[in-house]
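Labels for the chains are A, B, C, D, E and F, by order of writing; each one numbers its residues from 1.
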Amino acid sequence: MLHARKRIEIVVEAVQAEAVTDLLDRLGAPGWTIQPVLSGKGRQGLRRGGDPGGVFDNVLILCIASEAVAQRVAEARDELLGARPAIVAISDCSVLRGEHF
Amino acid sequence: MLHARKRIEIVVEAVQAEAVTDLLDRLGAPGWTIQPVLSGKGRQGLRRGGDPGGVFDNVLILCIASEAVAQRVAEARDELLGARPAIVAISDCSVLRGEHF
Amino acid sequence: MLHARKRIEIVVEAVQAEAVTDLLDRLGAPGWTIQPVLSGKGRQGLRRGGDPGGVFDNVLILCIASEAVAQRVAEARDELLGARPAIVAISDCSVLRGEHF
Amino acid sequence: MSSLSLLIPLPVMFFGLGLAAGLARSDLAVPDAVAKALSLYLMLAIGLKGGMALAAPGASEGLFGALALGIALSFLLPLPAYALLRGPVRLDRVTAAAVAGHYGSVSVVTYAAAAGTLTTAGIASEGFMPAVLAAMETPAILTALLLARRGRQGAVRGKRHLAREVLLNGSVVLLLGSFLIGWIGGAGQKAQLAPFVEGLFPGALCLFLLEMGLLAARQLRAAPGRLSARLVVFGLVMPLIGAAAGLGAGLFAGLSLGGVALMMTLAASASYIAVPAAMRLALPEADAGVYVTLSVAITFPFNIVLGIPLYLWVAGLAVG
Amino acid sequence: MSSLSLLIPLPVMFFGLGLAAGLARSDLAVPDAVAKALSLYLMLAIGLKGGMALAAPGASEGLFGALALGIALSFLLPLPAYALLRGPVRLDRVTAAAVAGHYGSVSVVTYAAAAGTLTTAGIASEGFMPAVLAAMETPAILTALLLARRGRQGAVRGKRHLAREVLLNGSVVLLLGSFLIGWIGGAGQKAQLAPFVEGLFPGALCLFLLEMGLLAARQLRAAPGRLSARLVVFGLVMPLIGAAAGLGAGLFAGLSLGGVALMMTLAASASYIAVPAAMRLALPEADAGVYVTLSVAITFPFNIVLGIPLYLWVAGLAVG
Amino acid sequence: MSSLSLLIPLPVMFFGLGLAAGLARSDLAVPDAVAKALSLYLMLAIGLKGGMALAAPGASEGLFGALALGIALSFLLPLPAYALLRGPVRLDRVTAAAVAGHYGSVSVVTYAAAAGTLTTAGIASEGFMPAVLAAMETPAILTALLLARRGRQGAVRGKRHLAREVLLNGSVVLLLGSFLIGWIGGAGQKAQLAPFVEGLFPGALCLFLLEMGLLAARQLRAAPGRLSARLVVFGLVMPLIGAAAGLGAGLFAGLSLGGVALMMTLAASASYIAVPAAMRLALPEADAGVYVTLSVAITFPFNIVLGIPLYLWVAGLAVG
């Protein structure tokens, strides 16, 4: 009934989101969801979105995928880090309808 | 101090959100949170919200609940899938203030 | 390549968000991300944001941190609960680039 | 240059701009909140203006006949649409029913574009037409549901929401409410509201049509394989059938030239807000990519570019 | 029809429309960003208009007296409110203090509605009243905090934010800033800004009151058990007490008929933006469901429907 | 008072208000969607107005020369900027290239402020200047990329996006599109669009400059250590270099007094929407804190407060 999968969570600049989702597509991810971010803090200090050019906007990309895809994402480290994500966090989860993921 | 709970995460069309939260209420969930989604990709291809009728908007519903409630959600598979969620992912977490969940 | 970390997730009133992130900063969190919330339900019943004073707006704060920081957050229970968060959920995750967290 | 400008009204050119920008993948975008604000504004202004006009002595003559005929059109137009979609177009039953519902209902912006054309041309119309617009928004939803359920068991999902969607749909409430407020209170405050209700109207329409063009392009790009050639033909022919029915209704109701042209436009237009939302809720099996794209990217541009001048010309022949 | 329209101003009818739509659970909604934009617009327009009026020769006479009395009212009005809430209404101390703070402060939209009524009726008022409006926004917050802490130890939480909220509250800054800009620079540019500052005002007010009606309905539906009958009575009586105090202050300051009516309206009105936000921060134990609902769904409609005409009538008796 | 108002135009005072509020950490805020809506409105109104003016007989004389010179300025101005930034300012190569790109491109709001000043002063300018504005938006991006890549291997990341950003940038499309629409269709509909295009303009500019002030304050507070004294000096000197080049180009193109002043303003202004977004995509190694802050918080206020009057004065000497 429940099937073990990986939950990949990436915080990245909005302008780089398409580069990340293109990569996820190429690595065989069955889908992804982009969520808005209001503000954040990291190594570069405070970041608050909403400037006219959208330069300081971040987004959060969520991707539920198989262990194998998660493995490939971790291995595509160099390409992924080219998009300069602030976080790439991977955790375990179970899904209903394993056939889809 | 920390109490083991389940973290249920559901991506679903915005028009179906109330059907899902009604179900969560009926299954005894202590609460839930609805977050916005900017865009996503799944079996039906790219989905970008913001059309005038809100037809293509998705939301993410987060629910922290006891193992028993999570069990019931997984078992209510048929009713839940009637709302055509794209993802139902369940994972483990610990909470402060277990009395509330 | 992947490093074990903790994923801390806090739902709290928007007006209290800065109190929570100040606490996270003080406890040594390497960063955090604030996401918007559309609506929710908990012990106080239904909450829907968007009133003119922002009184009913909630946010979700996500913080990826080391076990030690997560420990300190759990121990700062009293101070944290002073901001009246609705949820404080902690789970496991792995991150790329462990040097940053 | 001015000859082209006589052919294509300025707001329609903004639709073209949005469409071209969208198809070329420009990053031009109108924020959702702005599009919603413009849509609220257009409904409020249309309603108030109509209500104020109706407050003039004798202006309500013919109101009830036009209302009744409009409602009847909204209930009935989905039937020929469904027949075409099931027959020659060969769409599945549920999607056919959902699409049919869109063509019984109406598009507020198409109405606004037609009203703008009338204003520019100096042609008057009945003050109560905004009430007809509001009345035609939702009856078609019920016909669509009946068509979808034909011969099938099973309750409609989300009934409670759906009833609200039909009876208390935001567009209907705002249009009718503003209309009533304009009727009751407008006479004395017309001059005070004119800069808002009339001065801004053409500009707001331009901006909204820009957004509609961007939306149409997005739909066309997202669903390249979704619209068969037969569906596209349906999206061009069905407005003509609607307009013909609207012509009959308008003449039967004894409307003026402007009123007949508006009635034809209403019957020819397809919903792109109220009906899609209701269908998504009530008929989740229907393909939203089909009905949104057909309504926004085929029928809407057809109506504003070719339809409105055509309906106005035909109305002139029939009434004049 | 026009008799009804003389009784109820058009913007107030839009409040009624929003309230009815919300209570009937229509899906009509004004996006948050639009509501915020309207609120910014109203404050900017009120400030600029007042400042420009003040630039006329002799127009600043009486400014300081009115300002001082307004600030005093904001500081002091929470006291009778608190006494009523702790006594007959039997509210807990912290919530009582929080509610009391709302009634010392003011509501910009109530002021805007009163100003609109004066304009329609052709009654002048002092150009500096927007400065009084701005000055009355936040002193009441301090009184509320003192009342909440009475006899209790413990620092106020989030002091830094709170100080900003009181001194640098967005509404205060925008109102006062626009007022000063209008005063300094407006004389020469009045004509140029008129379409924005005056032309749009009534329409923007209609749209904002629609949103206030929807909000009031949402509050009433979300908190059915939250408002006791005694609280509702308080929400109707307290504006009258405030208006009486405002009458005294207005007469004492030697204001004109219009100025007295506005002063009564200010004193009678309850905050629904600045004070709720400050209270949520400083007194998280107070029940936000009580103070927001009382201010938005009881006192606000009372003031715009019955209060303003009443205050205008009384001001006429007292000044005339 | 009026003497101050002659020195500082009203919209500029709103920039000051926003800046002061932001630096004092007031919670005053303009929602993003509102800022984007105002920005769309300003571009649409500037484009339409220019296009309509161009429809007058003989008004297009000199168009192509001005366009060509504007494009050349946009391509070439990054070169002296880069030389200064690499030499005396000692910035790293990639950030220097990114900053240089901003100064070749233009700022729509600075242009709007200058156009407003001309209107207030009753000085005419060529109707085609909005087309020059649009044409100068993006060529500088290409120069910046060439500078950044000099002597280095490696493809530009996100080429596809970047091409769109340069050729189909939303601002360019909306400005040019509105300009063409105004040109083709505007003549007959000028009066109808005037309340929207002209009536609202000064007010919308005030609100947008308020937001720009808040944004400048946010940038200054977020990046206290980011701007060295040398960078600040660059942000004040570079507009003067640009203005000198613009003066030459304007005189060479035979523009009128108003046209020369606008050309100087364009060349002096720095982009704060199109170029930052393109640089973030193409040169992620460049420090966005530097270029956004420099453009928004140093050069922008310098231009609107001191620059525009200076350029107008110099243009008067040169042309008059």
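One rule holds for everything that comes next: a residue touches a chain if its C-beta (ideal position, glycine included) is under 8 Å from a C-beta of that chain, and two chains touch if they have at least 3 such contacts.
From a predicted model like this one, the values you see are computed outputs, not experimental measurements.
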Lowest number of touching-chain links that must be crossed from chain A to chain E: 2
If a chain touches chain C and chain F alike, it appears here: A, E
Classification of the chain E:chain F interface as same or different, half of numbers criterion: different
Furthest chain, CA centroid comparison against chain A: E
Most distant chain from chain C, judged by the mean position of its C-alpha atoms: D
Between chain E and chain D, distance of the C-alpha-averaged centres to the nearest whole Å: 39
Chain C and chain D: spacing of chain centres that average the CA atoms, whole Å: 46
Sequence positions of chain E contacting 2 or more other chains: 31-33, 36-37, 195, 199-200
Of all residues in chain B, the ones touching two or more other chains: 35-36, 91-92
Pairs of chains in contact (touch as defined earlier), listed by label: A-B, A-C, A-F, B-C, B-D, C-E, D-E, D-F, E-F
Touching residues (chain side chain A, partner chain F) in the complex: 13, 15-16, 18-19, 44-46, 48-56, 82, 84
Complex interface listing, chain E residues touching chain F: 31-33, 36-37, 40-41, 44, 55, 164-165, 168-170, 173-174, 177-178, 181, 183-189, 192-193, 195-197, 199-200
Touching residues (chain side chain C, partner chain B) in the complex: 9, 11, 35-43, 58, 60, 74, 77, 80-81, 86-92
Chain F to chain E touching residues, read off their complex: 1-2, 4-6, 8-10, 13-14, 17, 20-21, 24-34, 37, 120, 195, 199-200, 202-204, 206-207, 210
Of all residues in chain B, those that touch chain C in their complex: 1-2, 5, 7, 21, 25, 30-36, 59, 62, 64, 91-97, 100
